[in-house]
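Order as written gives the chain letters A, B, C and D; numbering starts at 1 within each chain.
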Amino acid sequence: MAKRISYSNILRTLFAWLIALLLFFPLLFLIITAFKTELQAIAVPSIWSFTPTFENFSEVQDRSDYANYAINSIITSSASTLLGLLMAVPAAYSMAFAPTRRTKDILMWMLSTKMMPAVGALIPIYVIFQSFGMLDTLGALTIIFTLMNLPIMVWMLYSYFKDIPFEIIEAARIDGAGLWEEFRHVLLPIGMGGIASTGLLCFVMAWNEAFWALNLGSANAGTLATMIASYSSPEGLFWAKLSAASLMAIGPIVVFGWFSQKQLVQGMTFGAVK
Amino acid sequence: MAKRISYSNILRTLFAWLIALLLFFPLLFLIITAFKTELQAIAVPSIWSFTPTFENFSEVQDRSDYANYAINSIITSSASTLLGLLMAVPAAYSMAFAPTRRTKDILMWMLSTKMMPAVGALIPIYVIFQSFGMLDTLGALTIIFTLMNLPIMVWMLYSYFKDIPFEIIEAARIDGAGLWEEFRHVLLPIGMGGIASTGLLCFVMAWNEAFWALNLGSANAGTLATMIASYSSPEGLFWAKLSAASLMAIGPIVVFGWFSQKQLVQGMTFGAVK
Amino acid sequence: MAFLHLNKVEKYYGNVHAIKGIDLAIEKGEFIVFVGPSGCGKSTLLRMIAGLEEIDKGSLHLDGKDISQTHPSKRDLAMVFQSYALYPHMTVTENMSFALKLAKESSAVIKQKVNDAAEKLDLTQYLDRTPKELSGGQRQRVAIGRAIVRSPKVFLFDEPLSNLDAALRGQTRVEIAHLHRELEATSIYVTHDQVEAMTLADRVVVMQAGVIEQVGTPMELYDYPANKFVAQFIGMPSMNILPSTLFRDAPYHTTEVGIRPEHFKLIAPDQAQLTGEIEMVEALGNETLTHININDQSQQIIVRQHQRSQLKPGQKVGLQWDTPKLHYFDDQGLVIR
Amino acid sequence: MAFLHLNKVEKYYGNVHAIKGIDLAIEKGEFIVFVGPSGCGKSTLLRMIAGLEEIDKGSLHLDGKDISQTHPSKRDLAMVFQSYALYPHMTVTENMSFALKLAKESSAVIKQKVNDAAEKLDLTQYLDRTPKELSGGQRQRVAIGRAIVRSPKVFLFDEPLSNLDAALRGQTRVEIAHLHRELEATSIYVTHDQVEAMTLADRVVVMQAGVIEQVGTPMELYDYPANKFVAQFIGMPSMNILPSTLFRDAPYHTTEVGIRPEHFKLIAPDQAQLTGEIEMVEALGNETLTHININDQSQQIIVRQHQRSQLKPGQKVGLQWDTPKLHYFDDQGLVIR
């Protein structure tokens, strides 16, 4: 018995390491390429020993205003997250604690809107923003990011709130709590984990979003995702520079994600793992 | 009392219709634009009365081989869904019914891989497929779609399987069922809803996927998503033709989704709504 | 008017008439138990008193004031929930002082009251723990403590013992009875367990299908049930019901006769009017329950004896009964006195 | 060797020693009940017999064959689960015939056996329904039916009644006893409820913390408990435990003395060696349980009387007991005979 267990243990450990390496490989490759020259970058087979250069990073910084892109990303991601939470929390609250016969249908239909390819909505939304003179503004991106994330946010918060036993809310009411006190002293502290996860997830999704950022605001309101795209032009692939730009774009969110990973992934579990 | 209820009922109904219209509007706009001429399409404010033309559709058909794109979409979506299920079902089964202390961590980590922007993995994956001579092949797209959907598939199936009381599986074992009979007569029929939902969702996601399809296979292995992109060229927006192409690309999946909506959305609920 | 007065209270859920017009007057200091099978409306009625469910028709007066439409936070009641419903993010102290803080009591008063309650409930050493760190029984006591610190007008208990195991249930029952004697607070207690109802209540309210079947002291219900439902619901094992044809002296209109298990005597079959065959003998140590199939009636009765029995399944026995202890029911199931 | 033989069976969960070496011999046709508080290992032991948990040490023999490492599907046992564990996608017929189909029985035989079992369990009219369309009691009966159609070597029951309400629980208990008498099948039944154990078992196995405390017939356990744990676990309310200093004639080494509630008599306080004050009087109709605080002992005992009582809380009473009915325990909690 004991032998079989340790044998399968070794196998499992090896397998786990293999998978981990395989999945880490793309990021590693990206990092390495970013420090190559363009010539080294396109060499087949890949070169693994070379003198690292910072040239790509400085060139990206010269050609594009990195700080500007980064600020746009931070503003639109933060604002859309905040705005989304302000709308999603009350919606999820009422769905979780005062459900009607339709609540389930509404939730399903909200999710089903995410099934349509984004391209299907591009033209009308473009026209709407155009007629309000909002093309290429941070406001437009914030609004579209908020709308894009709203169904997921309501869903996640609903799942969290639904796990809070309603009797606790009722106990607070009987203890003399009005609506605000109930929210402030009971729902908010108990649901904080879920609210934070939801916010984090939506922040990351807004940060990584490229389709709308490219189509609605690349010149003034461009986010870091659009900066990457400007290096994958049809005239040819500049791998090293593209890698450097990618690294600079995803760097902050990867670091941010690293520190908040637990919270973040917990948010994606929809309460399924307990 | 009675008065207040009917009053709020009217409000709710009005509100629901408003939202529904607002959300249906983009699709409506897309459909209408597809039947306009290019001149009518860019008119501001929008023209709502015009003689519909089929010109855009025939031009899209002439310029691109619609049937070819559609076949590629069907093949890659179906193959990646099937391949994904073959891997995800056993994985989810063992995670749900023979969990170890690490299972939760593995699931979380699988999901967290979806948090990295796809662009971060583009270059290494491009290089890998290039060195195997698989660029612009249906095989490459199938593999990448499968890998892309695998974490979500394992997650969804895990959530479904975990809802199946383990005692039912145990009862089957005591009733004399071996591994295959247990799978065939108990797990498969009980989990069929979840497996179908997962498959459907991944089919739709593969169909709508544009990033990898564009970067790994636009000439021979292009899917319908890449066909759309060829109409949003930087030389100018051809709205009417873009609309027609979009409509032709998303048409099949919208119709397909319409018929399987219940199943599909149920799949996205991760068992949260019961 | 009584301290707490329910006047023709009704409740609908869609088309379901859940509470069908309840009239009940509860005096100050009484311990009232609502008992009935699941789905009889006892919890709904309690929640209507608490304000957690709306009263669709009728009125509810507390201490002379109509509170039918008052928000739960303004009714001055305390409730102990089946799931305890403690605030998971607060310590025991914070849980117990939450209501007082909302009521803007001074912190000195709050501290005093919480410490008093904690001492009474033997919780002093757990005051800084969160509910997660407590056992089931301790959580239960915190839930009770949260209720008593407020000195509310009425205590409401919604099946507070059903999540505890048998031993702890018995113990906590004694504690609740003790607290009630000490505080003399008006209490309404909901349970589906007739033993809890019998041992705790000053008066028991037996409910079924949204109506009150009978109100009375525990021994009134046991000795003089108003109908067949109450007769069979109160007492364990249930009262045996037999057709009236077996009883020569039954009053006119009697269709069925009820006999409690302890009012039968087992005698030799040849001396008895009624005989049967033993199906099963349940020996519990201090008493023996004998299940007997009545001959030619395809009916089973249970006989309780307070001593050991040497009888075995399959044996024939005769039955004798105490005629004054019989209960006669008419075709509506109502008792004939 | 006995029909089912457990030989030094052990189980570890990581560092937790869940089952600490169990030896047990079960004869063919016996009805054995494992009883104990939650977490005592009784369900784990049952699942080890079923093959659903591995046996880490020791061996298990059934009908002369070592089945310690046999897959559950090859052990020829049937099990009734607490949750019933019916196949939700199959009808009642399909549920009951699943095992027979896997065993490649002919469809005529299957039909015959299923119909027989359905008739025995009063399920004939539900054969085409799925579990969802059945009540809790009916599901329970299907689970039993699924077990009996197979005529297995041993029936295993894992707390089969704990999801039923009190009335149905009593009724199903009688049905299980009836079935066992009819089928004469070897059965192992797990429960935490000592009443179920007492009324169903030929022999009861009392477990605590992974070891067997005592094995015996129900009345052996009630009259001659081997230790304080069994003494207090069997019987409701529990046996009262008092310090030996109150008993002049206690044997040497006695530290505590146990008295069952029915072995006390209430007398006038001035005639008694031991007096106390009444804390609570629980009148259950057929019996009265009086809770008494023993003077200067800060200890509470319960006295059972088979008649009504006029006593009230606060009154002083004297206690008398039946010396031959006393149980003496040493400082290890073991009985002194």
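To be clear about the criterion, contacts are C-beta pairs under 8 Å (C-beta built on N, C-alpha and C of every residue); 3 or more make two chains touch, one makes a residue touch a chain.
If you're wondering where the values come from, they're calculated on a predicted model, not measured in any experiment.
S.K.: Ranking chain pairs by contacts, what comes out on top?
M.R.: Going pair by pair, the biggest contact count turns up for A-B.
S.K.: Where the centres are mean C-alpha positions, what is the separation of chain A from chain D, in Å?
M.R.: Chain A and chain D have C-alpha centres separated by 55 Å.
S.K.: For chain A and chain B, let me know how many angstrom lie between their CA-based centres, rounded off.
M.R.: 18
S.K.: Please work out the Cα centroid separation of chain C and chain D, and write it as a whole number of Å.
M.R.: 26
S.K.: If each protein chain is taken as a node and each touching pair as an edge, is the resulting graph a line, ring, star, complete or other?
M.R.: ring
S.K.: Mind giving me all the chain pairs that touch?
M.R.: A-B, A-C, B-D, C-D
S.K.: Applying the document's contact rule, which stretches of chain A touch chain C when the two form their complex?
M.R.: Touch residues, chain A against chain C: 165, 167-168, 170-178, 181, 185-186, 189-190.
S.K.: Touching residues of chain D toward chain B in the complex: what are they?
M.R.: It is residues 50-52, 71-75, 77-79, 81-83, 85-89, 98-99, 102-103, 146, 150 of chain D that touch chain B.
S.K.: Could you pull out which chain D residues touch chain C in their complex?
M.R.: 37-38, 165-167, 170, 174, 177-178, 181, 192-193, 195, 198-199, 218-219, 222-223, 234-238, 260-262, 279-280, 282-286, 289, 291, 300, 304, 306, 308, 313
S.K.: If you look only at chain B, which of its residues touch chain A in the complex?
M.R.: Against chain A, chain B makes touches at 23, 25-27, 29-30, 33, 44-46, 104, 107-109, 111-117, 119-125, 127, 130-131, 155, 158-159, 162, 204, 208, 210, 225, 228, 239, 242-243, 246, 249-250, 253-254, 257, 261, 264-266, 268-273.
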